[in-house]
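Both of the next two complexes hold chain A, though its partner changes from chain B to chain C.
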Partner chain A sequence: MTGISVAGIQKRFGAYQALTSVSLEVRDSEFTVLLGPSGCGKSTLLRIIAGLEYADGGTIDIGQRRVNDLPPRLRRIAMVFQNYAVFPHMTIYDNVAFGLRTRKTPEAEVRTRVMRMAELMDIGAQLSKYSAQLSGGQRQRVAVARALVVEPEVLLMDEPLSNLDALLRLQMRAELKSLLQEFNTTTIYVTHDQVEAMSLADRIAVMNGGHIEQYGSPMQIYSRPATRFVGGFIGNPPMNFLLDDHHSYSRQVGLERPGKAHSLGIRPEDIQVYREMATQCWPVKVGVVECLGPMQQFTAELDHQMLRVTADPDLALHSGETLYLRPDPAKVCWYDGEGRMLPV
Partner chain B sequence: MKRVGGSSAMAWLFGASLVILCLWVLLPLYLLMVNSVSTPDQIHGWPKRLWPEISFDTILFFWNFQGVAQAMFNSIVTAVITLLLSILLGTPAGYGLARFRFRGKNLFRIMVLMTRAFPLPLLALPLAVVYLQIGLDDTLIGVALVHTMLALPFTVLVTFSLFLGIPRELEEVAWTMGCTRWEAFRKVVLPLAAPGIAASAVFAFVVSWNEVFAAAILTVNNQTLTAFLVQSLDESPVHLKFAGGLVLVLPALVFIFAVRKYMFSLWGIASR
Partner chain C sequence: MGLFRVQARAFEPTYPLLQGAEIAVGWYRLDGRVAVKPNPWLPYLLLGPAGIFVLVFFVYPFLQVFFLAFQDSAGQWSLENFRVMVDDFNFAPSLINTLMLCFAVVPVQICLALVMAMMISRVDRGRDTLLYIWTIPLGISDLAAGIIWLSILEQSGFFNSLLGYAGLIDQPLNWLNYQNPVALFFAVVVAEIWRATAIVLVILVAGVGLIPKEYNEAAEVFGAGTWRRFFTITLPLLRPSLQSALILRTLLAFEVFAVVLILGGIDLPVLMGESFKWQFEYRDAGVAATYAVVILGISIAFTLLFLWALRVPEEAQG
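Entry: the complex of A and B
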């Protein structure tokens, strides 16, 4: 049983507050993704959990063990770095064997475990080569193999796929997912790519400016963004936010709204498009129309506020014409003046 | 980028400067070599021949000259001590600069460089006095200490840039795989830094080997080769000077040849 429990972690770099009281619970064999824009403190948090960086405050427990003051080597973790960090002066075999050897594993066992891992990661043909002779994708595999071969209790990965080209990234993503399901290792995975996060995670922690905005399943995060930031960060295009402080737009489409509501959020695909004037609709002017194959997207202007809407591909849309929109009441989220979601 | 020497006049000027610069460096070396393997008679004779008959008379005479062998031995001992001290003190300093954040780091780096700007002659008298007081005068270790002071800034800055060039993640990944800091350094950083450390070790050796001022002032009986040659310059025959000159220059030449691959990167990064 190796859960990770992080509570009240703070970190300053000089005058800059990189993390403000971050708390995170990762259950045993859960796959948690830290997602957020560049510079929001994801790597810093991961490095603090790994013991590569000291926290200024807070506690870290790995499997009921307080590890605050333990060096990385005693935390029973393995880490995969963005630039792979494959030792250039060792063969791939020695790279993968490194962790086993520092733990004084008998050489015969090292051999069987390295071979099994190499087969699993499909790097069997590379074992006698050096890092410089490998492609980026192969190095990536070596880094993962090297981390997993010691059967760590916790696997930490910092943007492991972001240096690969798009096609390879897709392929590795799928492989990584099935591999880690098999290993059942508790994993924290850092990325700024929301698609990667959605497809891999059991739970996503969305970070912004040194704190966690929301921690939940991909579907929760997507359909019920806890803050305007989360709604605006996740989804392509992101959630629409309509300023509704006078209650006029919600009344127009017959929506019940909480008292303190300041704005309403609605995903582009949760808006019905009508060509003819209907009751309880927003009349909008069509702006830019983009056809994306399986669907089309257009921008709609509603009294100087802009909405992005997804529509059926066979609907003939013309820039400048007037259409009528109705949001799906079950999908609407309400936000207060500070951008926090309000219960309905 | 524009090519140097776009017009033919520029190209000509460029070529000529190159030739002059090369001659400036190579001609003395050539004369040194040629005269060292000539017989003493040929050295004084005129006209010179481009290729003399090779003779080891001059070198042998130099080798058998009273005190040369001892001075050479002293030089080697001093240079080896300098090498060891510079590496043992300089490498950790370079590592610390490359890997740790600490207060006054930039000041420290500037101070390291500033020691090179401090004129040694200004230091000579107080140094000699202190050495006399603590009994370091006329000892090889005393000379080696001064030479270490001269070589150390380079060792620090060169190893600093060396360690900077080795990604921190390599070490960090080793830590997460069960290594202590020292084990990670020994298994991961050291093998990668070894060629550069070797280069700066040879550099420290050459600095000591060629240093004359401190060696001449601080020793009386235990002279290094440079100090010995300087002192016997007036009274010794000219072919001795040629042979001595060659012996002094040779290690530096070998050094430059051995580490020529590193030279550019070392300077480029060391001045950063």
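Entry: the complex of A and C
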């Protein structure tokens, strides 16, 4: 049983507050993704859990063990680095065997385990080569093999796919997912790619400005963003936010709104589009129309506020015409003046 | 103003100013106007002065030395100079002394510089200050360095005073003469280490800075302690820098001269000192040049040795 428990972690770099009291619980064999824009502190948090960086305050427990003051090598972790960090002066075999040899594994066992891992990761033909002779995707596989071969209690991954080209990234993502399901290792995975996060994670921690904005399942994060930041960061295009401090727009479409509500959040695909004037609708002027194949997106102007709407590809849309929109009441989220979600 | 090169595509509408232009291939300024086409000879022209400098001040004297060594006074090809050199009673000691000095000094300097470079790489605040202080000896000429160590080690020097105060000796000892060859040898070794470790340090500090820190972090995560990281990651990745430092330092060690001259005078003959003596005391430029050729030969041999021993296979270069 190896859960990870992080509580009240703080970190400063000089005058810059990188992390402000971050707490995070990762259950045994859970796959948690730290997601956020660059500079949000996600990599710093991962490096603190790995022990490559020391926190100014707070505690870290890995499987009931307080690891705050332990060096990385005693934390029973493995890590995959963004630029792979495959040692250039060692063969791939020696790279994969590195973690086993430092743990004084008998050479015969090293051999069997490296071979098994190489077969699993499809790098068997590369074992006698060097890092410089490998492609980016192969180096990535070596880095993952090196991490998994030691059968770590915890696997930490720092943007492992971000250096691959788009197609390879897609393929590695799928492979990584089935591989990690098989291994059942507790994993923390850092990325700034929301699609990667949604597709891989059991739970996502969305970070911003050195703290966690929301921690929950991908669907929770997507459909009930806890803050305006989360709604605006996740989804392509992101959630629409309509300033509704006078209750006029919500009344127009017959929505009950909480007392302190400041703005209304609605996903582009949760808006019904009507060509004819209908009751309880927002009349909008169509702006830019983009056809994306399985759907089309358009911008709609509602009293100088912009909405992005997803519509059926068969609907004939023309820039400048007037349409009528109705948000799905079950999908609407409400946010207060500070951008926090309000309970309905 | 940046330049762009147009290769037979002058009629592309992208560059309207070029439409119909007669010069299709060449260098253009970003606004489309024709720039001065770089002369293909320009690089050679710019390298010219440096090349001439090397030819006049290095290659020409080198050839001269070569002719001097391999020709007799009548201008005939001959190994007479070599015979005179080898028959001289100072040749064998000077060769042995030079090699022994090199073997005593260089390994210590490399180890010391490695330790210092690793220490510096761990320092965050004041790193540059520390580096500047450690490299001060670089700015001192070897003659001055010799004089500094003479003032420490001579009979009325600081070292004897110190031993006297400490009650370890009753009267000043003479460390720097032929009666005490081991002490003299070590005096030169210490002075050389003090004087010339900094150049190795500078090369190694630069080399350590070139190693991406992820490699050490990965090794740390995968269970390697400090020593293991040093021997399996840092040291192998430092090989190119070690190679440069070793070659440079070894060559300089074969040319050791001023420090030995000041501290040992004629009591510790070395190759360079002999060359000097034959040139300016015995007035025999031929034998002096022969010594220079011997130094050159040893230098080339050791350079090749280090190039081979510390080579990094192409596929293992990161």
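Points to keep in mind about this one:
The criterion applied here is as follows: the second predicted complex is superposed on the first by the 344 of 344 C-alpha atoms of A that agree within 3 Å, B and C clash if a C-alpha of one lies under 4 Å from a C-alpha of the other, contacts with A are read in each partner's own complex, and residues count from 1 in each chain.
FYI, a contact is a pair of C-beta atoms (placed from the backbone, for glycine too) under 8 Å apart; a residue touches a chain by one contact, two chains touch by 3 or more.
Nothing here was measured: the structure is a model prediction, and the numbers come from that model.
In the model built by aligning both structures on chain A, chain B clashes with chain C. Contacts of A:I234 after superposition on the shared chain: neither chain B nor chain C is touched.
Judged by the touch definition given at the top, the superposed model places A:V142 against neither chain B nor chain C. In the superposed model, A:Q133 lies in contact with chain C only, and not with chain B. When both complexes are overlaid on chain A, the residue A:A78 reaches chain B and chain C alike.
Contacts of A:A50 after superposition: both chain B and chain C are touched. Overlaid on A, the two complexes show chain B and chain C touching the same residues of chain A, namely 50-52, 71-73, 77-79, 81, 83, 85, 87-89, 98-99, 102-103, 146, 150. Chain B meets chain A in the complex at residues 167, 169-170, 172-180, 183, 188, 191-192. Listing the residues of chain C that touch chain A in their complex gives 212, 214-215, 217-225, 228, 233, 236-237, 239, 312-313, 315-318. Interface residues of chain A facing chain B in the complex, by the touch rule stated above, are 50-52, 71-73, 75, 77-79, 81, 83, 85, 87-89, 98-99, 102-103, 146, 150, 156.
On chain A, the positions that touch chain C within their shared complex are 50-52, 71-73, 77-79, 81, 83, 85, 87-90, 98-99, 102-103, 129-133, 146, 150.
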